[in-house]
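The following blocks contain the structures, represented as structure tokens.
Across the two complexes that follow, chain A remains constant while its partner is chain B and subsequently chain C.
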Partner chain A sequence: MIVYLRSGGKLHELLKPDVDQYTRRVETDEGATLVEILGELGIPLAMVAFAFVAGKVQKLGYVPSEGDVITIQSPVAGG
Partner chain B sequence: MNGFGGTIVRINLETGGIKRTPTPEKFAREWMGARGFVAKTIYDEVPRDADPLGPENILIMAPGVLTGTFAPAGSKIGFGCISPATNGHADSNMGGHLGAEMKYAGYDMVVFERISPEPVYLYIDDDTIELRSASDYWGMGSLDLEKRMKDDLGEDFQIATIGPAGENGVVFSCITHDFGRQAGRCGVGAVMGSKKLKAIAIRGSKSLPVHDLPTLTKSTCDIIQRTKTHPLMEPWQKYGTALFVGWSNDHGCFPSRNFQTTYHEGWEGISGEKLAEEILVTHKACFGCWINCGKYSRAHIPGKPDVYVEGPEYETIALCGGSCGMTNIHDVAYANYLCDNLGLDTMSGGNTIGFAMECYEKGIITKDDLEGHELRWGNIDDFENIIRMIADRRGIGEVLSYGTKGAAERLGQGTLAFAHQAKGMEFSGYDTRWYSAQLLSYCTSDIGAHHNRSWAITADIQIGQDTPEGKAEVVIYLQHIRPLFDTWCCCRLFWGEVDVTAEEHVDTIRYITGWDVTLEECMKISEKIWNLTRSHYLERNGGPGRRFDVAPARQLEEKVPSGPAEGHRVGIENFEYMLDDYYYNRGWDKNGNPTREVLEILGIPYVADNLEKAGLLGEPFEDGVPEVRGRRLKPKAM
Partner chain C sequence: MTLSADELERYSRQMGLPDWGGDGQERIDTRSAPALIAGHDIAIDCLDTLEARFVLNRACVALDIPMLYAAVGGFTGQLSFIHPPTTPCLECFIPHKIPTEKPQVSGCTTGMISSLEALEAIKYLTGIGRTLAGRLLIVEGVEPRFDILEIEKDPDCPACGSQAE
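Up next, the complex of A and B:
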């Protein structure tokens, strides 16, 4: 199954985008959680504050579907 | 001069005298604006023994080189003075539209001197500058007054106000603008109140001269196009900073019940998701910003009037929410509104009330002190009672009006151990027992504990949360790069979140001013300002510097009792190790005093002379300044 992870800012270097400046194509097993996918990519879970899929916030236990475009956001200082 | 309004204004509030002088280009180039202008001016002009709330202190407002320009969110304006909370250098900035308006009126800095005999407000309409009576406005809430002044003067005036807390000298009073943007920290509102200056109203219609408009326009359009499609733009627009409550809680840095622990039961009720779901009215942006991270909200609490407020943002949720035991987003938004309208910083305000709630829990503050009320965790009625007592400085509110350090000194009974402050200014919304670099950031900050001076939480994660090694160098880098944005006066979000690089910001400065400036030069200016404000603090408070870089005992000694960070604490040995490392990396001596070599490298030898006269100059290094000084150790994530 193919999903697309997108990010920038602090996570840019960790994500290693390969599709465009912000996007990485990831092949993964069906049923894998975002935690498992991030683990396989070597991205520390503590560096991901949340995921954003189709306009909605998702926790890292989210199970992506084929073709999902998943934006991941790092922790940020408050205002 | 390109990029600047061209004029500095001095206003003697005692006599009503108004003096205008051209902004010297050398001054602008060497200090860049806002934080730099403030640091240099108060260092040069305020007597070292001046009372922060007395006539010898000055209050400065100054935009920066990027304010009012095409730079992404070039919206900021800085305020500065000697802080009544720390007795040291203070600078605090706000977004909104005031800074741009001031530059369009043609002004780069306004210096308020002395004390007005009667309440006044400053009226600027391009070339017209007047002090006008504010007798009708005295006593009004900050938000109420902004509405009133827009009705009185016109919607196109940009207004900054103080509330009753600032009038009464509460040391964590703020200056408010645009119905919810604050120069919140360091008690700048109290200094404004001490001068009987109730408000500032500015309308400007001029344009800013620019060195290379075609290149600036093209560069800005490219940045806009690129960032509009940035993946992180949508979450920021939709939720703003409040969305990080969940992460902070899950990772053991969210303050709960005055930092007693770092996991807050019931956090879901005050999360960013809950804000968007239940109270969000609309999104709001500052001048020149297309992120719109501001959230305008409505709090609805049965038995109380519905109120509208900008926020609550993460810091307010952490400190008025978690640290005060709240679990309902309406309550936090209402607390935010109370702070804003009374003219109090939500961060120090929430932190101080959390401290008071713990004192009540321990029996140190009683119902007798509270005019018969209680002060229970998570109770919005109790919060409202105590915050009004603080703003009025009534009863125990007088004690708490000095902030957590001042209150602990007055209350005694071991309360200083759980007063979460550094140098007299309260912690931002992050517990540091599992984040030692952040503790070092707070304790070495020139203005007291403030995350915008250095936010090192993600650096802690990358380096290793429990190790003290490698923290100092990163903290110093962050202490130079983050406040640089307060000097240039643009929002950090474009840099930190949507990949507009610091180098691109410097390019923008070049297109605007025509200066041949580099990021390296800007970083050196930032380091110069840091050394100047550190030295100023020592000249006012004595030495050695190490005496002031002190952490609250709870953060050093008490292990986190529950949640993801359970069992963690920084420990005195680790903290002392980090301090040693920090001073060495700055080129200061082991007592934390700046050395002549460093001050001369930075081009401020007169500061070394002053420190020497006061007996506060650091001992020189035998083999010269350590090579690591000035090295830019940039963490992968900031």
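Up next, the complex of A and C:
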């Protein structure tokens, strides 16, 4: 199954985009959670606060579907 | 452009925050937060750590006071109007235990998000327009990209869910 991970924030370097400047194509097993996918890519979970898919915020237990574009968001704390 | 020592000192002085203990300053923690917001119509988050925001979030949930969540990191900004049980609370979508580094923020991102935050407050207080209730605005300044996302209540949220502590 193919999904697309994207990030424009500070996760950008860890993500190693290959589709465009912000997006990486990832081949993964059906039923894999976002936590498992991030683990395979070596992205520390502590650096990801949540994700969003198709305009909806999702937690890291989210199970992606074929073709999902998943934007991962690092925590932001400043103000 | 390189700043001279004199310019650096001048700018640093202008940017520096006053020491703690000045008029109107109060540290926010689980003890002080309820008293700081009690009796007010809205709490406007201008805090600089997630931990302080979680404290404010819980106080707002307990006292049924709406909270504007606004945070920035680098060129990224987030903004939402929070007022459970009508909307999710902060802990419904950001895990409470997530660690954060000392943020580096760009002034222009902070200026943009804080202006939008002020607009949200004005809309709520005057009853005009539509707030970001149940929605989260994310600004990625580098792309640039603006997303307005739906956020859902977490029934197991430790702050506002059925298992609330």
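Throughout what follows, the second predicted complex is superposed on the first by the 78 of 79 C-alpha atoms of A that agree within 3 Å, B and C clash if a C-alpha of one lies under 4 Å from a C-alpha of the other, contacts with A are read in each partner's own complex, and residues count from 1 in each chain.
Operating definition for what follows: contacts are C-beta pairs under 8 Å (C-beta built on N, C-alpha and C of every residue); 3 or more make two chains touch, one makes a residue touch a chain.
Worth saying up front: this structure is predicted, and the values here are computed from it rather than measured.
**Q** Quick check on the superposition: with chain A as the shared anchor, is it clash or fit for chain B versus chain C?
**A** Pair status: clash.
**Q** Touch test for A:L14: chain B only (first), chain C only (second), both, or neither?
**A** first
**Q** Kindly classify A:G78 by the partners it touches after superposition: chain B alone (first), chain C alone (second), both, or neither?
**A** Both chain B and chain C are touched by A:G78.
**Q** Count the residues of chain A touched by chain B and by chain C, then name the partner with the higher count.
**A** Partner with more touched residues of chain A: B.
**Q** Select, from 111-119, 237-245, 363-371 or 615-623, the region of chain B that bumps into chain C once both structures are placed on the shared chain.
**A** So the stretch of chain B that bumps into chain C is 237-245.
**Q** What is the shared patch of chain A, the residues that chain B and chain C both contact?
**A** Chain A residues touching both partners: 8-10, 22, 46, 49-50, 52, 55, 57, 59, 71, 73-79.
**Q** How about chain B: which of its residues touch chain A in the complex?
**A** Those residues of chain B that touch chain A are 230-232, 234-235, 238-241, 243-244, 246-248, 251, 272-273, 293, 313-315, 317-318, 428-429, 451-452, 455, 457-458, 461-462, 496-499, 636-638.
**Q** How about chain A: which of its residues touch chain C in the complex?
**A** Residue positions touching the partner: 8-10, 22, 46, 49-50, 52, 55-57, 59, 71, 73-79.
**Q** What residues on chain C touch chain A, complex-wise?
**A** Touch residues, chain C against chain A: 45-50, 53, 70-78, 93-95, 98-101, 103-105, 110, 136, 138, 140, 142-143, 145, 147-152, 154.
**Q** Help me check something: in the complex, which residues belonging to chain A touch chain B?
**A** Of all residues in chain A, those touching chain B are 6-14, 22-23, 44, 46-47, 49-50, 52, 55, 57, 59, 71, 73-79.
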